[in-house]
Each structure stands twice: as C-alpha cells, then as structure tokens.
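After this come two complexes, each holding chain A, first together with chain B and then together with chain C.
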Partner chain A sequence: MSPALRRICALVRKEFLQVIRDPSSIAIAIVQPLFLLFIFGYGISLDATHVPVACVVDATGPNAREFIGGLYQSQYFSPRIYGSMAEAEQAMIKGDAMATIWIRSDFERQAMTGNGKIEVIVNGVDANTARLVQGYLIGHWGQWLLKQGATMGLELKPRIWFNAEVRSRNYLLPGIIAVIMTLTGTLLTAMVVAREWERGTMEALLSTPVTISEVIVGKVIPYFLLGMAGMGLSVLTARWLFQVPLVGSHWLLLAVSCLYMLAALAMGLFISSFSKNQFIAGQLAIITTYLPAFMLSGFIFDIHSMPTVIQWLTHIIPARYFVTILQTLFLAGDVHGLVIKNAVYMAGLAAFFLLLVARNSRKRLD
Partner chain B sequence: MWTRVIALIIKEFLAILRDRKARITLIGPPIVQLIIFGYAATFDLKEVPYAVYDEDSSLASREFLARFEGANAFRKVAVLQKEDEIRQLIDTQQVLLVLHIPPRFQSRLTREGNAPVQVIIDGRNSNTAMLALNYVNEIAANFTLNMARQKGLSGPAAQLVVRAWYNPNLESQWFIVPGIVGLLTMVVTLMVTALSIAREREAGTFDQLLVTPMNPFELLVGKTVPGLVIGLFEGSIIVLLTVFWFGVPLRGSVPALYIGLLFFSLSIIGVGLMISSIAATQQQGLLGAFLFMVPAVTLSGFATPIANMPEIVQKFTLFNPFRYFLVVVRKVFLEGAGMELLLTEYLCMAAIGVVTLFTAALMFRRRMY
Partner chain C sequence: MSEAISLKHVSKSFRVGKNTVQALNDLNLAVEKGIVTALVGPDAAGKTTLMRLVMGLLLPDAGEITVFGHSVQREAATVQEMTGYMPQRFGLYEDLTVQENMELYAELKGLSRQGRRERYDLLFRMSGLAPFTSRMSGRLSGGMKQKLGLICTLLSSPQLLILDEPTVGVDPLSRRELWQIIRNAVENEGMTVLLSTAYLDEAERCEQVILLNRGRIVGQGRPSSFLEPLKGRTFFVTSQKGLRRDLALELSALPSVVDVALQADGVRVIAKKGGLEPLCGVNVTAIAPRFEDAFVTLLTQAQEAPSLTGQHSAPNASPCENAPSLTKPLAVGSATNEDVIVVKDLEKWFGAFCAVNKVSFTVKRGEIFGLLGANGAGKSTTFRMLCGLLPATRGVLQVSGENLLRASSRARMKIGYMAQRFSLYGNLTVLQNLRFFAGAYGLKDKRREERIQWALTEFGLTPFQDFTAMALSLGHKQRLALAAALMHEPDILFLDEPTSGVDPLARREFWREIHRLAQRGVTVLVTTHFMEEAEYCDRLLIMSRGEVLVQGAPQELKAQYGMASIEELFVSLLERREERL
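Right, the complex of A and B next:
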C-alpha cells in the first residue's frame, strides 16, 4: 500500500470513529432527512379536492338543475345551496366558500337562444387554488355544454403522461429528496471541517505529513457514504410510505445520486474553506444552498414561470438539475438524453466547486 | 426595577447591533430573499411550450389551433408530421403538451357533432399540467359554444363568466409576497432570540446576569423588547417593499395589520426564548430554530393550502402561530379586513404567545436557582 493510500485510510478510519462517538453527524445524515421528508410529505400538497362552493340558483328549469347536480358527482367540489346572493357573499367573506356559482332566473329562456350565462365568483386570494377551481368548473361546463346544448362540439381527450392520477405528491416528493440531500451534504462537510478548525485539530493534522488533498479525500469518503445512506432511506420512504412510483432504473438513480452527493459535499467543503466557525458555516449552508434549492430548483415553483433573469440564476444551482433528473427517473423512466444532459451540468458544477476548494485550501494556518 | 430592565434592553441592543457584520446580516439577506422569492415563487403559467400534430389540416382544425396561437399562455415550438415524434418531445421536456387532431376532424364535427381532440400533457409537474389543461379546456369549450351558435343549436347553451374577488388577475405574487412579510419577520425574530441566551452562556456572561438582582420576569422583559423592536422594524420594511416595490394593494387597516404583527412577534419571541433557554450552545440554538422553522413554514399555508393536508396534520397546524398571521396579513392586504374580522386570529396568537413566554420565564427560573 502506498503511503498516500495508507494515510487516507487512517484519516477515513479516524473520521468514522468520530462519527460513531459524536452522533450529531448521524443525526444530520439519517434523522434529519426522515424528519424533513415526513413534514414535507404530509404537509405539502397542491391537490384541491372537495372545495366548498356556494350555489345560488334563481332559475327553476331542468338545465340549471342539471348543471348544479353534476357538481355533486365530482370529487373536486362540495357544493352547498344558498337562498340568495347576499348569503353566498357572506359565506365567501367568512371563508366558508371558495367560490360562488350564480344562475339567474332568466337562465332557461336565455339558454334556449344560446345566450345563457352561468356566473362564477372565485376568491382570488390564493391564486393557485382559485385557478384550479376555475379550471375544474370550466371542465364541468364544457361537458355540460356538450351533453345539453350543442349538436356539434369538440370533445377533449386529455392524457396526462407519467402521472395519470395527477397526484402532486408524485412530483413533489422526488423534488423534496433533492432539497434534503442538498442540505444534508453541505451541512455535513461544512460543519465537520469547521469543527476541526474550531477545536484546533486541523492544525494538528497539518503538522503531519498528510497533504491537503488527502485531508479532503479523507473527509469526502466517510460523509459521502453517510449521505448516500440518508439518500437510500429517503428513496425507500418515498417509494413505500408515500407510494410514489419509481419507473426508472435503480442503477441510474444510484449513479446520478452519487454524482449529486459529490456536488453537495463539494459545496460544503467550499463553504468551510472560507468560514472556520461552525455557526457561520451552518448558517451559510442554509442560506446559500438550502433556500435556493427550495425556491429556485423547480421542485415546487416551475422554473418556466419565473422571470427570465431568475431563470438564468437557476442555472448555477446544482439542485435544479438533480430535481429534473429525479422527477424524470421517478415518473417518466430512463430518458437517457435528458438525464445525461443534466448529469453533465451537475458534474461540471461539482468539478467547479472541487476546483475552488483545492485552490482555497492550501496548507496554511491563517 | 424599570431602570434595571431598561439597562438590560440597552445592553441587548448593543450586543445584537454592535458588530457591523451582524447589522448587515439582519437587514441584507432578508431583503435579497424577499426580492428573489417574490419573483421566483409563482404558480402562474407563462408561455407554455406546445407542439401541434394536425392530421386533418382542415378549416375547422386550423380555426381551433389559431385560438392557441393568440393566447399569451402558450408558445408553439413545433409542428409534427409523425405520431412517434410526440414521445421524444415530451420525454425531453421540449414541450409541455401536444395537441393531436385526428383525421376527419372537420367532417366528424359537422356530421356527427362530436369530434375528439387528443391532448397529451407531461404530468411530471402535476400542478403545471392541471393549469395547462384548464386553459386548453377553456379554449375548447369556447370553440364548441361558438360553433354551436353559428351552426344552430339543438338545446340550451350558456357561457361561463368567471370573476375573481380580491385578486382579479389571479396573480400568485399577491398571495405569496404578503406571506413573506410573516416569513422573514419570523426568521429574523427567531434568530435574534433563539441565540440570545445561548450566546451569553457560551461567553460566560449568563452567570454574571444571574448574580445581578434581576428576577426572571425582568430578564424576560429585557430579552423580549429588543426582539420585538427588531421584528416590528424588519416587518415594516418588508411591508413597505411589498406595497411600493411589488405593488400589492394594502386595502385594509394598517393598525389591524400591526396588532397582528405584534402578537405574532410575541409568540415567535416566546418560542425563540424557549429554544434559547434549553440550548447550551449557539449551535444547538440554531438547530432548534431550524427544527421549529421548517414545520412552521410547511404547515402554515404559506405556499400550499392547509385544506389540502390530511385531517390530522390540519389539526396540528392549530398550534402554529404563523398559520394565524398568514390569515391576518392576507385578509388585511387583499380582502381589506379590519380588526373585527380577525379577532379569532389575534386571540390564538396571543394565547400561544402567553404560553410560550410564560414557559420561557419558568425555564430561566429553573436555570437561575
């Protein structure tokens, strides 16, 4: 065994002993991902069902009744009849109804000439839910129109690929795994290296014949394994507890996760290379990696909807590529072109950060 | 007694604001976050890329497709000639949806009165998929209505007229940005208070505090006031930016907003001081703050509605002060509410504040004797 290899082995062994003695690293790598996965998995959902809708029907004919009656069949609505618009408006103000449907008394007569009007008021404060409710109503109206009125019409046959039940959890959870792994990877290395400086043991290490690159390799190996254990646990939880399908190949998932873990660890090392204090390193890790991974990675807010300048900004965030890969591997399968393209960007960023780390960390004590 | 408390308050302010770096950290990052998140946190669809596969190429199909070209929400990126091109385009995310018009579209439309159109949507982001499908639905239904009116009706037909209250253009920004007022006030207040006692303990000055004639109540007041002042100050800056930078309308009464902000800050300070009196080091304080903050933000209705959560989780959110403040801030900003509509929220936040502050004081006491 060459001396360099022996030194690295010794460092790795030392690091493992430290992990076993001080379980805070295990807490960051294993407990934290599970805690976050539970909170996000149960807490974040964009599926609005059984939305309370106030109905005011002044018309008496069968067509209006047909329209309202259809709402009861839908899982999206839980309709309630109100006697007058004033009462319905009161319900909207109090938050008891998300939307009001108003069919006026002249509806039947107007409808026969094709000029009927079904009026809808939605509470627009929560714009996304309002849009979804509006969309459900439009879908309902389109079907009603085809069934009741028009002899000719266009029947839409939507097919939603990769997520036929349109369950938001299926796309949110893979994204959440990316966010969590970002936090775990950076926090692990950033805190551990900073701790070494704080306690003065880094200086002791530097006085030995180990080179700085050996120190870095000795740090990366154990925390890489620890981080991957957390990743594996998260994938299992998503798959079996939250029932997210995993269509793509497990090997490909493992390969890109390794690559991403490397990028996250490199970011952590980079942070620790200019902050030798655990507290600042921890805060920097949260502000510079966790928050961008949350807001700018496309995990919940679609990148295509952001302003152009912010879309550019997302390109320097490694989580963005990992989120795309994970969503694809979980739901769509092995789309090699897409996965490879994003993996190349991720590898590029990982190499960039590792290069910065190598430049920044020379053997010196200042 | 009050001179002692005032002295402690002054000392706290000096400890927090003495350092230039610390002053910048209190103001800089929150404002940068507000600006970036304010623009990034949007669910609004914009220029959805789509492809067209028209096997009919008739007058009717072109008329239908023209409606998409006129819509701002869509951007046509490809015209397909073969069916197997669809898979490739969607898989690689070059388009979000493909409109497939089968052959005989026009003849079926006019003769049989029922012409299918296939829409294939990438469901990897189910929210975006649903919103896009809704737009397609709307265009299709209007097309049907129009055709029916032109060619004669066989039954009743009606138009759906949708209006939105409070947020007529349904802009996500109006929903998210007022929420950020609460989010950042919480982050800053929690950071200031969660580390305050741990910092003293690390520096050894907590023992010095203990030998002064101060009782736990005075200590509590002395530690609460600076957090409150900083929280209210930070909150005010963000409210101003929300109104003047993002142009979100502030329709309700400003006092109603500030009463909410006051109670909210107090409840967060209580949580922060509790964390701080348990934590032995600043690092533990930071960890505790993080452990509180993640569920507090996730289970608040900040980005996704509480109504969508499982029943049990919904019950759990009743202990979350941020949940109540979000209601206050959104009702005041958008719905123009006054104090009378917000009494429940005030009361709940005040109750959480009293409990947490009281517990924190008890915990100081335990540490003192």
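Right, the complex of A and C next:
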C-alpha cells in the first residue's frame, strides 16, 4: 500500500471510531433522521380526514337526507347533527366542529327550481385546514350534484395522476430524504472538522506528512458512507413502513443520491474551511443548507408560489434539484429528461463547492 | 553543518481586528544540532509563532527558514517528515484509546509495520503508559496526556523535535518524567530539540537558551552566559523581625532594586548595576545569580526606557543613619491568631469513589495558604467545596465564622473566587467586565464607581479599559480576573491555579499584589503547580489521592524532611507513596 493510501485508511478508521463513540454524531446521523421520518410519516399530514362537521338540517326531504348521508360515507368528514344553528355555533366556538353545514327548510323547494343552496360556515382559525375543508365540501357538493345528474345519464370520473391516493405522505417522505442527507453531509461534516480545529487536533495532524487532500478525503469517505446509510435507511422506512410507492429505478435513485451527497459534503467542507468553531459552523450549516433544504427546496412549499426573488435564490440550493428528482423517481418513475436535467444542475453545484474547498484549504493555520 | 534550524530576517505579522500585530520582527536565529534549546519569553513574545513557522504551518511575511538545509517554504513536506511537533494543546483524540492514538500517528508518520511493536513497547515503557493502553485518552490525567502526546511525536524517531510548552499545567512528578523522555531522545537517538517553557528552572537545564520578547531576540547563549552581567548584583536578605513578605515589599520600593522574590526564610534581591545600597537592620549576603534573575533583569530593562545606571557606589560599611531602615513594625499586624477558615474531617464521595478523605486544616487571618498536589489529588474538589460550589459529603466547613454547609450564600459574600480559566467575558471590554462583576456582587451607584476606579488604577488597567478581555495578554487577563474577584472587598480570596500559563514576569507581579493584599489582612487560599510559588506561601498542604500527606510552613517542612526545596519534597513524597501502593 502506498503511504498516502495508508494515511487515508488510518484517518477513515479514526473517523469511524469517533462516530461510534461520540453520541452526538450518532444522534445526528441515525437518531435525527429516524425522528424526522416518524414525524413526517405519522405526525405531519397535509391531508384532513375525519374533520368534525356540524350539520343543521331544517329541510325535510330526500335530497337533503341524501346529501348528509353522503357526508357519512366520506372518509374526510365525521358529521354530527345539531338541532339548531345556536347549538352548532356553540360547537364551533368550543372547537368540536371545524365547519357547519346548514340546509334551510326551503331547500327542497329551491332544488326543484334548480336553485338549491346549502350554507357552509368554516372555522378560519387554522387557515390551512379551513381551506382543505372548504375544498372537500365543494368537491362533495359537486359530486352530489353530478350524482343527481347521473339519473340523466351523466357521470364524472375524477382521475389524479402520480399520487393516486392523494396522500401527502407520499411526497413528503421522499422530500425528507434530501433533508436527512443534508444533515449528515453538511451539518455533521462541518461540525466534526470544526471540532478538530477547536480541540487542536488539526494542528497536530497538519504537522505530520499527511497532505491536505488526504485530510479532506479522510473526511469525505466516512461521512459519504454515513450519509448514504441514512439515505438507505430512509428509503427502506418510507417504502416498507409507510408504504410509499417507488416507481422509478433503484439504480437511478442511488446514482443521483451519490451526486447529492457529494454536493452536501462539499458545502460542509466549504463551511468548515473558514469557520473553525463548532458553534458557528453548526449555525452556518443550519442556516445555509438545512433550513433551505426544508423550506426552499419545494419539498413542503411550492416554489412557484414563492416571491420571484426567492425563486431565483432556490436555484443555488442543491436540495431543490434533488427534491424534484426524488419526488419524480418515487411517484412518477424514470422521467429521464427531467432527472438528467436536474442532476446536471446538482453536479454543477457540487463541482462549484468542491472547487471552493480546494481553493480554500491549505496545509496551514492562517 | 551543525545548524538544525536557521532563520534569516524572518518577519511575521497578524491582523487582529483592525490592528496589525507584529509577532516576529526581522529575526535571525540558529539552533544547533543534537542539543536541547529552550525558547523563553513573556506572553506574546512570538514563541508559538516561531515554532509554527519552522513547521511550515504558517508562512513568513519575509525571510528564509531552513531545517537541516531544507527550505521550509519550498519543501514543507520534507521538513514535516523529519520533524516531530507537539502543539501547546496536543491534538490527542480524546475518544480514541491510548493505543489507537499511537496507531493513528504511526500510520500518519509512515512508520513501517515491522518493528512497530518494539517501538510502541519502548515508548510505553519509557512513559509509564504501558498499563493504560486501552484507556480512552480523554480519561487520562493531565500529566499522562502530555506524555502520550510526547511519545506520539517521538514515534517515527524524528531528527528534530519541536515542543510548545510541553510541561504547562503538569505536576512536578510528571514534569520530571517528561524531561526524562526528552533527555533520552537526545542522548540515545541524537535528536535535536527546540522547546518553549514558562518554567525557568527547565530553561536553565538546557544547553542553549533563546530569550524572545515582542518578536525580537533579547538574548541567546548558554544559560550560564546570561548570568555574566549579574555577577555581584544578587543578594539574599534576611531579617529577624516581621514577615519576609513584608520585607520583600519594602525592599522592592528601593531605587537600587530591580526585583525581589521570596526564597526560603528570606528575600532574594537583584540590584541594578553598581549593587545594593547599604541597608540597616537586616542581614545581606551576596549569592550566585540564577537564570531567572537574568530573565527578569533583561525583560525589565527591555520594558523600561533605557536609563543610565551606576550611580550607586558599591556597598561598604556606612553609618546606619544614612541608610534606609527596614522592617519597621507595621501599622496593622497582618497575620493574627483568628482562624478564618476551619476545615475538619472533610469528605467528598462521588458514588463509591472518595475524592477527598478526612481533610483537616485551618487558615488564619492574613495568611497565604497553599494547596498542592498532583493532577487528580483532590485539590480542586476541596477548593470547590470551600467556595460553596460543591456540597461536602461529611465534615465541618467554616469560612469567616459562617458554616458553609448551612449559610453558604452569606459566607459567599465574604469570598472572592478566581477560577482556573479566569472566567471573564471575552467580548466585553475591561470596563464592562468590571461593571458586570460589581453588579453581580450587588455594588451600587457611588460605591460601584469607586470600586471600578480602584480596580483600574490598582491593577494598571486604565490604559486598557476599552480593550475587550479577549484581546488582553494572559498576564492582563489574570489581573482583570483578580480585580473582578476583589470588587466586593472580600475577607478571603480563593485562587485556583491563578498563574498557570502566565509568564514569569507577570507571575511575579501577581504575587506582589497577593502579598500586598495579605498585608492588609486578606486571607488567601491558593492552588498552584509552580513549586517556587509554594515557597511564597506562609503555610501549605500537600495532597495525594484525596488525603493530606503533610502540612506546615515551607521552611519547617523542608527542615523536617531534609530537602532543599518544596519541589524535591513534593516529588519524594509522591514517589514514596506510589511505591507503597
């Protein structure tokens, strides 16, 4: 074995021993990814199901009964009948109901003239849920109207592409993989390098015949493997525990993940090349990579609805490209054109940050 | 060629905020092969910068550095291959075992696989680390960590060894062992050693000494060559009356005196050129100069504006009336018979581990009491209990008449505490730090302003009042920390290794201040690793593994055990104990 290779092996071995023995590395590399997966898998859902709805039915007729009956069959609502509007209002105030549906006594008569109206009052405190409930009710209303029309031979069949079950989990979990890889790739890497400066081990290291590129490779290899392990763990959990479909090719997924891991590591090394203090390195990594991967990657918030300036900003965030690829591969399959285009951008950013690292790292203390 | 290291016209400056600090200024230097060269000097003299430049870890602004004929700027890799370097905080991986650390550095230094076992065995045997190879290096004592750092740098038998303060913060016994390892490397393997140290007795035992101050060389040569100009200027003064530290304070006020230091039962005095003026009421004996005397004199000269000396005539039998009379009775007797600190059968258990075992001692008002022991002897634990920072498991603990086990907050108002790492707010200015501490002790309005003014003038901090604490030199940080601890005029002062890492000049100044405080009736309890400082104490106590080995006045103890110095006493006591265990 050449001396350089031996030195790299020794450094990688050392790094692994440190990861195994340091609880904070384990926490960032293993515990936190699992924690995020469980939060997004079980806790956070952008869907509303079994929304409590207060129903006040003053009308007595088959149409009104059928409409309310339809609500009972829907998984989105759990309706409850109240005797009067005053009672329903109380239920809204107490938070027992998210919305009230009022079918007035003249409903049947109006419906006959093709002018049937129901009144819907939605609790707007939680704007997101309110909008969902509103949407669902309108959908339900539309479906009911169509069903009425079906007697006349009309039928509408809704089709949703790529996420047929319309489960938010199906696009949140692939997205979270990008966040998890940023965590190990950038945050952990930036912090372990800063720790070497802080504890004075870097000075001792640099005084040996080791070269600066060997030091960097000695950091890249272990955290690359660790990050990919986190990625594998996330894919398995998403696939088997949360039943997220993976339509695209596994090999393509592995290849683009490697590319993203490289970009994340390059950013981590770049941060640590100028901040030699763990606290600052950690803060910088969180603000410049972790939070953007969360908020500006299109993983939760749609990029098209962001202000133009912020939209520009998302172009220098590698996570943006990776999230697009992940959601495509998981839900739509191997759309080669889209995947390759995004992968090229990602590779460009990785190369850019690696170049900065190479420029900024010298085997010196100043 | 007999030069291991050569520097020609080397300059290096750093930018600190808006200012540029000249760390090294047109330095010319040669370090000889096959010997130990000591680099000494006050804080910020440029010692560490010099070592980093030689290692190629910094680039000089100007000049040429060569190591065994190789240019450091152009052949850094070659130089690093033949040099072993131990930075001040040696980079041991604390979560790796002793063995794993050794293996890592063996690989990094390209040690061949065969023969590696033997090298490990030899180094482990030499350092006494053989029984601890599977221990995490973070759980070694301070002395053992330093030894491990040293043997890691020795692994590849480098031709040149560069050690940055290898013995700082290490107890005397470990210090001796470290020196044995270094000597071994020089004598058996022909290594060249360049090391920096704050211990001047260590420098005196080296073949060559380089004295650096503010980036320039103040002196270079064999230790004995530094003593030449001091011939006939060093004296030992004793007096029958009063305390020796009061005598020292009076002597230091004389115009012909450069410096004073307590030693044995008297005071060591360095006089200006022309010697000491005749003194009355005391015994003056001429003594041989030491390296430390030269260090202090050279640096004092460098700091003061050069003035013509020699106006004093040689001391001869002159009438007593003209000579200053010393050791007049003091207005306030400093040490009285009142016991200010009473500790009886003090115990501290951490689970099944006994950190402090039945420790008893008393300290009188105005006394300076020293707490000595190897790393891990239980000094710091005892200290923390006395300050009320850690509850005692058992025993009596009285400070200033208050039972610390019960009324700890009232007792704490009478205590000033200066922690090991100075606990200052680095990004606050000197003035802001003082304001904060005054506020923390509940001082208000006029009294607060008075105390702050007092602190600034008393400790010479007025010119630095708008500097951030971070930007101060270690010596000034120490003064500021002491000032902060004294804000509320405490009766008792606790100092936990107050001089660790501080240069000898600042250390002397610090002790002078402590003596002045004791003279005013402040009781001082201090821990230290500097054995010469132990001699400055009125009484002291040596601990090992939680137990008291001996206590008493330094002179008494030395006489009782037939030892020339407290350091010898300390080392022999600990060695004897190790053998017994």
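The rule we apply is simple: the second predicted complex is superposed on the first by the 329 of 366 C-alpha atoms of A that agree within 3 Å, B and C clash if a C-alpha of one lies under 4 Å from a C-alpha of the other, contacts with A are read in each partner's own complex, and residues count from 1 in each chain.
By our rule, contacts are C-beta pairs under 8 Å (C-beta built on N, C-alpha and C of every residue); 3 or more make two chains touch, one makes a residue touch a chain.
Since this is a predicted model, take the numbers as computed values, not measurements.
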Which of chain B and chain C A:S305 touches, first, second, both or neither: first
Partner chain(s) touched by A:A86 [first = chain B, second = chain C, both, neither]: neither
Touched partner set for A:L241, first chain B, second chain C, both or neither: neither
First, second, both or neither for A:R21, with chain B first and chain C second: second
Touched partner set for A:K117, first chain B, second chain C, both or neither: first
Between chain B and chain C, more extensive residue contact with chain A: B
A:N63 touches, of chain B and chain C: first, second, both or neither? first
Partner chain(s) touched by A:A130 [first = chain B, second = chain C, both, neither]: first
Which of chain B and chain C A:R7 touches, first, second, both or neither: second
Residues of chain A that lie at the interface with chain B and also at the interface with chain C: none
Contacting residues of chain A [partner chain B, same complex]: 35-36, 39-40, 42-49, 51, 63, 92-93, 107-108, 110-132, 134-139, 141-142, 145-146, 148-164, 166-168, 170-171, 278-279, 282-283, 286-287, 291, 295-296, 298, 300-302, 304-307, 310, 313, 324, 327-328, 331-332, 335, 337-338
Contacting residues of chain C [partner chain A, same complex]: 14, 52, 55-59, 76-77, 80-81, 83, 85-96, 100, 103-105, 107-110, 136, 149, 152
Footprint of chain C on chain A - complex, ascending: 3, 6-7, 9-11, 13-14, 17-18, 21-22, 196, 199-211, 363-366
For the chain B and chain A complex, residues of the former touching the latter: 29, 33, 36-37, 39-49, 64, 90-93, 96, 109-110, 113-131, 133-138, 140-141, 143-145, 147-149, 151-168, 170-172, 174-175, 282-283, 286, 290-291, 294-295, 298-299, 303-305, 307-310, 313, 330, 334-335, 341
